[in-house]
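Letters A, B, C, D and E name the chains as they come in the text, with residue numbers starting at 1 for each one.
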Amino acid sequence: MSDPRERIRVSARLREGALGLLPILGLVGIWQAVVSLGLAPPALLPAPGTVLARCLAQFANPEFLGHAGATLSRLAVGFLAALVLGVGIGILAAASPGVLAVVRPLVRVLAPVPKVALYPAFILTLGFADASKIALVVADAVFPILLATLQGAAMVEPKLVWAARAAGTSPRAALLRVVLPATLPSILTGARIGLVVSCIVVFLAEMITSTDGLGYLLVRAARSFQTVDMFVPLIAISGLGLLLNGALGLARGRLLRGFPEEG
Amino acid sequence: MSALAVPRAAGAPAAAPQIAIEGLSKAFRRRDGTLHAALSEIALDVAEGEFVSILGPSGCGKSTLLYIVGGFVAPSAGAVRVGGAPVTGPGPDRGPVFQEFALFPWKTVLGNVAYGLRAQGVPRREAEARARALVAQVGLSGFEAFYPKELSGGMKQRVALARTLAYDPAILLMDEPFGALDAHTRTRLQNDLLALWERDRKTVLFVTHGVDEAVFLSDRVVVMTRSPGRIRAVVDIDLPRPRHRAELLLNPRYQRHVIALEGMLEDGDGPRPGGRP
Amino acid sequence: LSTARAEEATTLRVGWTIPAEEAKYWMMRRPAAFPGLGTRYTIEWVQFQGTAPMTQALAAGALDCATQSPLALAQGAVEGGLKADIVAQHVSEKPGSFSVYWAVRKDSPIRTPADLKGKTVGINTLGSGIYGPMALLLRRSGLDASRDIKLVEIAFPLSEDAIRSGRVDAAVMNQPFAARAEARGDIRRLFALSEQQPDIVHILEACRKDFVARNPNLVRTYVRALTAGMRMALADRPETLKVVSEVMKAPVAVLDTYLLKDNDFARDPGARPDFAAIQRMYDTYAETGLLPRRLDAEEFHDPAVTAPIE
Amino acid sequence: MRRLPAGLPPLLALAGLLAAWEVASRFLALDGLPSVPATLAALPDLVADPDFARNLLASLRRMATGFCLALALALPAGLAMGRSRTVAALLNPLTMMVYPVPKAALMPLIMLWLGVGDLAKTLVIVLGVSLPVLYHAYQGARAVEEKMLWSAAAMGLSGPARAARVVLPAALPEILVGCRTGIVLALITMATSEMIARQSGIGAVLFNALDLAQYETVYAIILVIGALGVGLDVLFEGARARLVGWAGPPPALAPASA
Amino acid sequence: MSALAVPRAAGAPAAAPQIAIEGLSKAFRRRDGTLHAALSEIALDVAEGEFVSILGPSGCGKSTLLYIVGGFVAPSAGAVRVGGAPVTGPGPDRGPVFQEFALFPWKTVLGNVAYGLRAQGVPRREAEARARALVAQVGLSGFEAFYPKELSGGMKQRVALARTLAYDPAILLMDEPFGALDAHTRTRLQNDLLALWERDRKTVLFVTHGVDEAVFLSDRVVVMTRSPGRIRAVVDIDLPRPRHRAELLLNPRYQRHVIALEGMLEDGDGPRPGGRP
């Protein structure tokens, strides 16, 4: 930290962090204004301060943390599965015209299907517990990742693959060692979208049928008009989004070190 | 045509050729469906251990020819055999150095150079040690940890060169490998390449725009016509080896070769599009 | 609407749901049968999934009148400050009518509610209006609903499949799914809500008090139409089958198995709300913790706009 | 390798999909997963219903509006984020906070201000579509080769002109990936925006059928949405080929053996 | 050092310099926070209408220098003034030809060349007519409808050249603009450039690795040291104009310049990283 260069970099980070806080604070400001001006009944929109106080109380509450943990684990498992599937299929399809010819029509038909409509089938085959919810997350999150991977892989500069193949890399290894890293910028963008979709869908699944998780807390509170309690899971998911964004940013910086756009 | 220009038929040299190119044509299909002829009826045999340079006007198909020999691009007609077997794809026996470098942007200089060795199963420590030596040889010591985007054009070119030399392919397919270098660095690397070649007797197919470079390095020089590229002449460079630049410059045969080749190149006038394949 | 004051609105935003609001379905599909509907006043119909979102929509002022369950309305009033009048009643239970029940697989070893101990039991939504009576019934058999059974949410349409596939040991049945399941014959009734309270009210029509205050004539006209709609629905069953089929996109043959038959819910011919029964339900809810305090059903009663209005 | 006729693999894939569905439905024997013939049998009735066409049109109209609005908002925002660290630092955390919030949970508030009609549903579609458009435009703009921008600047193009005439076309391939995903999300949100409050639209029909356990109808609608997806995608691919045919490796140079 | 190498101080020529570079240094910040010095204390004045070439070992900072004069990259220290005003950004008075071409991939050859004219408001028909003439001049007639990805390396380079010449900037900043061309095409374009320059008297800053090219074209040649680049010498090329290659080759002063410059370049040995700025 004593190195002045380090200080410059750290202060630049801080400055960017502070910038990012501005619109969020603005949003909270608007929220407060709406409440203060009586533009929304408190039964629908409680004051930010009230929500914050309840959040702080809940974030220390083991029961709440248990629910948050359930949601988080579903989210993590579902998202990672979608990532592996989406990237795997995308890379394979980009490499082989045969696979692509099969994958493309399937994607065309399956991607736009509202997966909630399949949820009854998921529940009845996979049960009420985690599996059906995770399946729903995967079914929705996989397509943004897959589409981004497909496109990214199709745009890989062929001479990179040629260079690797000529160095003795087998076609299959070239997929892992050239196409995959060269596609990373696209994949990370797809992953970011997939992550957001996962957040939404895990909530949705928990709202439709659940006995635990943040989504359950939310419907439970909404049904009985516990508006403040309803906002706590919402804030939690927002905060989670923010956290994951930071994590993705870090991963991006590391993984894309050499790419020109990470300058 | 100068008396020194000895057009050779595609007839095989004494030994079975290492690279046998026969009746090779290539036409690219463009977006609008039309065909654009890049190469036409190329026939050329390269013996094992031979150093063959290719000269020709910009856009005449030199790079395309290397791509086809490398197995990266399929020809429209004709065939290439390497070591007797038809080329169906790339292989570690033929190492390309691309005109556009094609470095892996996610790897450092060292990572790029060590790539081929790692791909062939050399343990990391050893691969890196050998890569480090090559990086030094191309004059980039100290830049091992730089990423391609942090390098100048000439530095990238040298990394690309080192990357291919590192895994020691039997055949080198080099596309203007010294094009972006200053005279001094180029001379040094030419000498290094020549020393390497004289030691290991690699087969080299070398695209260049430098007539003197071609004459200095090669056993034979192939001159191509403008687009669609055909072979116009194949010139034997009957200069003694080992060659030293200073001596050669005083050798009248060297001068005559250079002048003859320049003369042959003179009457091309750049490529002409839409040649029917 | 003969004496409509100039400042009264002429459009009513109404929330509805499926499957048991025949009076409204008649108004939607046969508007010509209702004097003034579509000419002197119009209705903007918005369909919802379940009654809870409609409570929110009422509280948000996005709807003027909507279908409500007694519990959703009460929760809106207690927690959300919603002030509304119960103006009509759609369906309820009465002795001999259909009663929402829990079913098990035909070959299940579960014979009595007490056998449910430790079992997985489906309910449409945790904390829904039928939870209270169920909890009281289980308590009678010595079970604590919050501890002795594992409750899972399972929507009515899925109950039958869930029971048959063994995903749950027991699940709650409602019309029209009960009729279909019974026709197949592989489920068995375990206990019904009527065992706790014979006259449970399922769905009502409620209007925001502030809207009623500003548009008393419009609301009266609406309630008059509801009353008439209920009469028509009950009087002309074949036509009602058609109307409901158009709304639900369900074949008449399926509806014919239960709709307005003995195995259907009960309907009051005048769509009159049964405030006494509602009061008993509120007492049950307070007792089982679904409502934080006792509630007086009369809070929701304004005789001026309550069906029947002829 | 023998070359298969171009149309064959997609047909095979679809046949495989149907076969897998049929096997699953027979094997699982669930009401919630009807058989293929039963679903196909429900299709004519569904499509012949004049209400259905009206609903479909209502949905498509909302979707088109939502899609265009999302494009108009997210595209400039994404491009600006890609070209300016400040804008990115400003908007990135906000978007990552707002997007994951389930719209269904905000329904009461949305209803409060936007009512239960088209406006609320269009907003949901806008949020769904703008997500991929924003992030892909962000990525695309970020990866624009700097020297292209330098060239344009040296020709005297102003900042906004560079954004429109260099950043936009250069990022177009990536933006179109966002639009492609956007179409997918538009179709999904088009249907799911009608899950809670329904007036008209294919989603209303879908969820009604779901509420009534009419699974043949549910799956028939899914087929219709799938067909819509295919149709839109074919249109989109056509547009893409015209717009960014310049992008990507030429077919002759595409990785031959990778 | 040869007697012909006349190192010049940064002192201004008689007229106020068109480009005035003073105390210019550039250090790149790398990801790990360290600084990498690319240019150090560069001082150079270029008069209006002057043709100045820059020679130097690969990686010595030639491109970086052009980027700074172009206003694309900010210096770490020092300043550049063009026409008396400090450079704060790019402008249509300074036209760059980049080493990596940087063509617009979504535009055809014609679209690329016409781009600058269109950007400056020239009507489409006129812009295309002028672009067509330039495309012909660089020997690419018939390729107007080709996209960059369908061109060879040398063809791309010529398009980049034509694109900049098209909008007629007062100052040309050319980074190895003939590097990827065959000798014949290069000679033709050199002659064209010289003719253009002699007619319009543009100010040219020209990076090259060809010593003969630099001598043939320039009024002065700047020789840089290896990384971090400093100015090692500035050599006045006192050859009469108009110049003709054939005549020059026989001119002993030309030969001496070439030999002297080659000598100066000889003792550099490639860049050295991590130079403290």
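Definition applied: a contact is a pair of C-beta atoms (placed from the backbone, for glycine too) under 8 Å apart; a residue touches a chain by one contact, two chains touch by 3 or more.
Source: prediction; values computed, not measured.
Listed here as common contacts of subunit A and subunit E: B, D.
Of all chain pairs in this entry, the one linked by the most C-beta contacts is A-D.
At the far end from subunit B, in terms of centres built from Cα atoms, lies C.
Per-chain CA centroids place subunit B at a distance of 27 Å from subunit E. Between the Cα centres of subunit B and subunit C there is a gap of 83 Å. Distance between chain centres (mean CA atoms), subunit D to subunit E: 48 Å.
Residue positions of subunit B touching 2 or more other chains: 28, 31, 72, 89-90, 100.
Residues of subunit D in contact with two or more other chains: 28, 30, 32, 108-109, 112, 145-146, 195, 207, 210, 247, 249-250, 253, 257. With touch defined as above, residues shared between interfaces to two or more other chains in subunit A number as follows: 41, 44, 120, 123-124, 157-159, 162, 165, 178, 222, 257, 259-260. Against subunit D, the residues of subunit A that register as touching in their complex are 15-17, 19-24, 27, 40-41, 44-45, 95, 98, 101-106, 108-118, 120-121, 123-125, 140, 143-144, 147-148, 151-152, 154-159, 161-162, 165, 171, 174-175, 178-179, 185-186, 188-190, 192-193, 195-197, 199-200, 203-204, 207, 215, 218, 222, 230, 233-234, 237-242, 244-245, 249, 259-261.
Contact residues on subunit D toward subunit A in their complex (touch as defined above): 4, 9-14, 16-17, 28, 30, 32-33, 85-86, 89-94, 96-106, 108-109, 112, 131-132, 135-136, 138-139, 142-143, 145-146, 173-174, 176-177, 180-181, 183-185, 187-188, 191-192, 195, 203, 206-207, 210, 215, 218, 221-222, 225-230, 232-233, 247-249, 253-255, 257-258. Taken together, the subunit B residues at the contact with subunit A in this complex read 67, 70, 72, 89-92, 94-96, 98, 100, 102, 104-108, 115-116, 119-120, 147-149, 163-164, 167, 169. Of all residues in subunit A, only 41-44, 120, 123-124, 127-128, 208-211, 216, 219-220, 222-227 touch subunit C in the complex they form. Interface residues of subunit E, counted against subunit B in their complex, comprise 28, 30, 36, 55-59, 62-63, 99-100, 139-140, 142-143, 146-147, 150-155, 157-158, 176, 179-186, 209-211, 262, 265-266, 268-274.
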